[in-house]
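Look for chain A in each of the two complexes below; its partner is chain B in the first and chain C in the second.
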Partner chain A sequence: MSNIAAKAKELLESNAVQVVIGYEVGPTGVVRPAFVTDSAKTDSFIYNENCLQNLAMYLTKHEVKHFGKMGIVATLPVMRSIMMLISEQQVVSENIVVLGISDDGKLLDFADLSVMHAHIEKSNLGNPTKDQERLAELNKLSIEEKFNFWEQELSKCIKCYACRQSCPMCYCIRCSTDCNQPQWIPVQSNTQGNLDWHVLRAMHLAGRCISCGECGRACPVNIPCHLLTMQLADQTYNYFKVHAGTSQDMKSVMSTFEPNDKESFII
Partner chain B sequence: MSDFEPKVVAFVCNWCTYAGADLTGTSRIKYATNVKIIRFPCTGRIDFMLLQKTFSNGADGIIISGCHPNDCHYTSGNFHAKRRWIMYKELMDFMGIDMNRITFSWVSAAEGARWAEVVNTTVSRVRELGPYVAYKKMVNTHIEEEVTNE
Partner chain C sequence: METIKKLIRKQSLEKLFTTLSASRKVYAPVFAADKRVEYKYNPAFAEVTFEHIQSTLSVKNVVFPKVENLMYYTNNKVDSTITDIDLTKIPEVVLWGSHPCDNSAYDVLKSIFCWDIKDEFFAKRLEKLVVIGLACHQSDAYCFCTSVGLTPNSTKGSDILLSKTKSGDYIAEIFTEKGNAIVAASSDLFEQPNNEEIVIAEVKQTFNHEQVTEKLKTAFEHPFWVANSLRCIGCGACAYVCPTCACFDIQDETKGKEGRRYRSWDSCGFSLFTLHTSGHNPREVQSQRWRQRIMHKFSYMPDRNESLGCVGCGRCSRGCPVDMNISEQLQALQNI
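And then the complex of A and B:
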């Protein structure tokens, strides 16, 4: 899209940013992320319906951060990831320029984060419709059927951790999974260890998942692991009326509490 | 199934439920011996991964218990734990892990009789449910696979 290229060129020329993160078409015709530091090379930027990857995960990578200020092409999930990263003090808001993309693919002009905040507030913050439908379907199953479903799905897991690597919220430099004292997650792939890993991942993303579905797209064996985090995103809203990534000073759901949190299962 | 004795592991906080369980003993109240108590500094310390490990190591049921809300020795540990359990329960329900096998409760240091009741009801419920076959089967699959590979 030419106006993304023009905007990126303008930002790089005026030295407002040192790198722009966007999408381009790779040599095999597949959309891939692009990191442009030269204002003469911004023409490769595109935006179409195949540009699904959540680019916000690159904002916390030191290889990208060392360029300096970053411009980023951001659809709604990316904007929410950015808000979440700022609220968790992982990204400095002054270092980010957001090239927002509206739901119908138009370039939005965000003068500062408050404008982006207003845009996010106006948008639909629930899970994507097709995932929400799938959640509803799964929730209708009996307990044995659910267990069989997940046992079968998770037995495919090869422990490549693509779900972790693709997630903008999984930014820990040393994941507890990589520690072997204590070894919470077995290194080899087996169904029970895979289940433990996916429980751990979903629990660590409870109240933080911004429902982009990137983990499910990244999975090489097509485990719908995004449904686990989306279920918790859904329940976070049910119980605590919080949508992750809506404001830059939101409090983490799992590290705060209200004395009158309601539950019905503790006797 | 009559000779099935459920294995139940209890994760309790040091300040309320552990003291409560102590009181059960000093009050000479009898309760099911299927429970193995593990003492924690606070319910806020009880990591959900411990519960996962408990089931994978062959437990049939779990009890988690701590101070009543507003009674936490560390002021807010049990409130944090409550939020975590809400999320954990929702995730377990979604993944088809039987939440009837896990009891969450608040038992204070003065509630010796209540601790006996919590243990007895949990043990009898797990006894009715039988051994956690589905989970054990999943755990055993890879052990069998490894044995055959060797």
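And then the complex of A and C:
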């Protein structure tokens, strides 16, 4: 039995949690989320390098919360999402138990959130290297070239909103794009409507994106929409020296004013 | 008309394609830069693939575009002037190289769009469509056409169906007058068929759709739905890549006095889909929406439209970010 399975079993048996959210392998060999409520069934949990989905989005899902207290297998992006969700009062820390996973795949023992905070603080919190390199390439382009790149990419968008739905930070019960009186964002999936949607989504995640890349992974037509939010994550760090999702009581970068804030970005 | 069988050599396909492309819109599959397969209007023949298993998006957009204008209007002080869309301007489209599952889907869409009141937009586009299908000579683990009553070389929906022979030439079966007109206009490219064997993909049957439909009659309250949809994130990817999903939303877009009414794809996977003005939502949680998706395709449609709402292309499962594998779920439903 793996460490995760054993820990999950222990948590369920002692009734410390009523459900454990982790990863399993589906019948076609694809890694996917698993929800185990029975302590006898924790053997299906696995962990390997394909366990990339950010599971934190399930912490705000009605039917998962309904079970009661939740245990969650958490790699660094999941831990940071949890910190964001607690700081934005979407998750109550007493309702979750984090089964942390280190960068080299080992189960971490977090006695409480302060230990997780310490773990996050000593981790690399920038964008993943391959994404940062791609952003550097894009940032070398002229404004027109960048616009053409995004226009081309976003023309593929079918407005399925997998980017929104897969994101732990997009937890609004009613998204502003679902509002039609007034209609902020055109419903239609054409160049204008797609551009408006992706810009709105990215702006709402400025200072909140924890660089997991889940939106880009979820996209069925391979739009690298995670680069939009990662660019903003990078920029908010450069301006304010704050990474999103490091502690449970961090203040929101874009909605907190400090007298000594730099205002160099105001034109 | 009676089916006619001809042979077309692989080197003649280019001639046929360029002849068709010269006078009309030809919609054909190509490999995109990221290796996905997508359909393009009038690509160069060299780009066109005959070796794809499945495009990411279906080809329903030729009859049901993702955005379609329904009318234009001008608002005056007391009244509005409406300008209808000129449906006679809808062009003829030749769909080239689409697989039998996709071609069968047009009948399913027709059973929805022309169920009682004929949807003129859809009907006109379908009338203007000529389908030169391509039987599948390869498949993957997500294909399940044989479980929904089809085969990798089903002829339904095709005007002409091409099947690859062992030597790489193609047998063309012509089923309709539309198909015959194309063949007649390039008759020098078609020969009498030989007896060479054709290559057909193997697709294993994984469930019996009639048994699933029967099971669903009493499965509405079954715990299966919650247990098997916990991981569903509620996006619309499955519906939007699906060749038979037909739901749409209608919106008015006004700028000053001028405006247009259009429809765009919608999905029963979204919570907004059933939200009432009062704030009440009859499908308030994701498991109810997932149940609706399966029920609609495998229970309500066979019951009301006399057609199954699924053609087994497997796109929803390939495109799902969380592996909501429909064939796996239907196998499980058959045994509940």
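As a working rule, the second predicted complex is superposed on the first by the 260 of 267 C-alpha atoms of A that agree within 3 Å, B and C clash if a C-alpha of one lies under 4 Å from a C-alpha of the other, contacts with A are read in each partner's own complex, and residues count from 1 in each chain.
Definition applied: contacts are C-beta pairs under 8 Å (C-beta built on N, C-alpha and C of every residue); 3 or more make two chains touch, one makes a residue touch a chain.
Owing to the predicted nature of the structure, the values given are computational and were not obtained by experimental measurement.
> Clash or fit: what happens to chain B and chain C when chain A is overlaid?
Fit.
> For A:F257, select first, second, both or neither according to whether it touches chain B, chain C, the two together, or no partner.
It touches chain B, and chain C stays clear.
> Tell me the contact category for A:V30 with respect to chain B and chain C: first, second, both or neither.
second
> Of the partners chain B and chain C, which touch A:S166 in the superposed model: first, second, both, neither?
After superposition on chain A, A:S166 lies in contact with chain C alone.
> Pick one for A:W150: touches chain B only (first), chain C only (second), both, or neither.
In the superposition, A:W150 touches chain B alone.
> Determine, under the contact definition given at the top, whether A:N190 touches first (chain B), second (chain C), both, or neither.
A:N190: touches chain B and chain C.
> Of the partners chain B and chain C, which touch A:H62 in the superposed model: first, second, both, neither?
The second partner, chain C, only.
> Just how close are chain B and chain C at their nearest CA atoms in the overlay, in Å?
Value for chain B versus chain C, nearest C-alpha atoms: 5 Å.
> Same chain A residues contacting chain B and chain C, which ones?
190
> Residue numbers of chain C touching chain A in their complex, please.
It comes out as residues 34, 36, 56-57, 66-67, 141-142, 226, 229-231, 233-237, 239-241, 249, 251, 253, 262, 264-265, 267, 270-272, 284-287, 317, 319, 321-323, 325, 328.
> Mind pulling up the chain B residues that touch chain A in the complex?
Residues 48-49, 52-53, 56, 69-70, 76, 79-80, 82-91, 93-99, 103-106, 118, 134-135, 138-139, 141-142, 145.
> Provide the residue numbers of chain A that touch chain C in the complex, in ascending order.
Residue positions touching the partner: 26-28, 30-35, 53, 57-58, 61-64, 158-162, 164-166, 173-174, 178, 180, 183, 186-190, 217-218, 220-222.
> Which stretch or stretches of chain A touch chain B in the complex?
138-139, 141, 143-151, 155, 184, 190-193, 195-196, 199-200, 202-203, 206-207, 228, 231-232, 235-236, 239-240, 253-255, 257-259, 261, 263, 265-267
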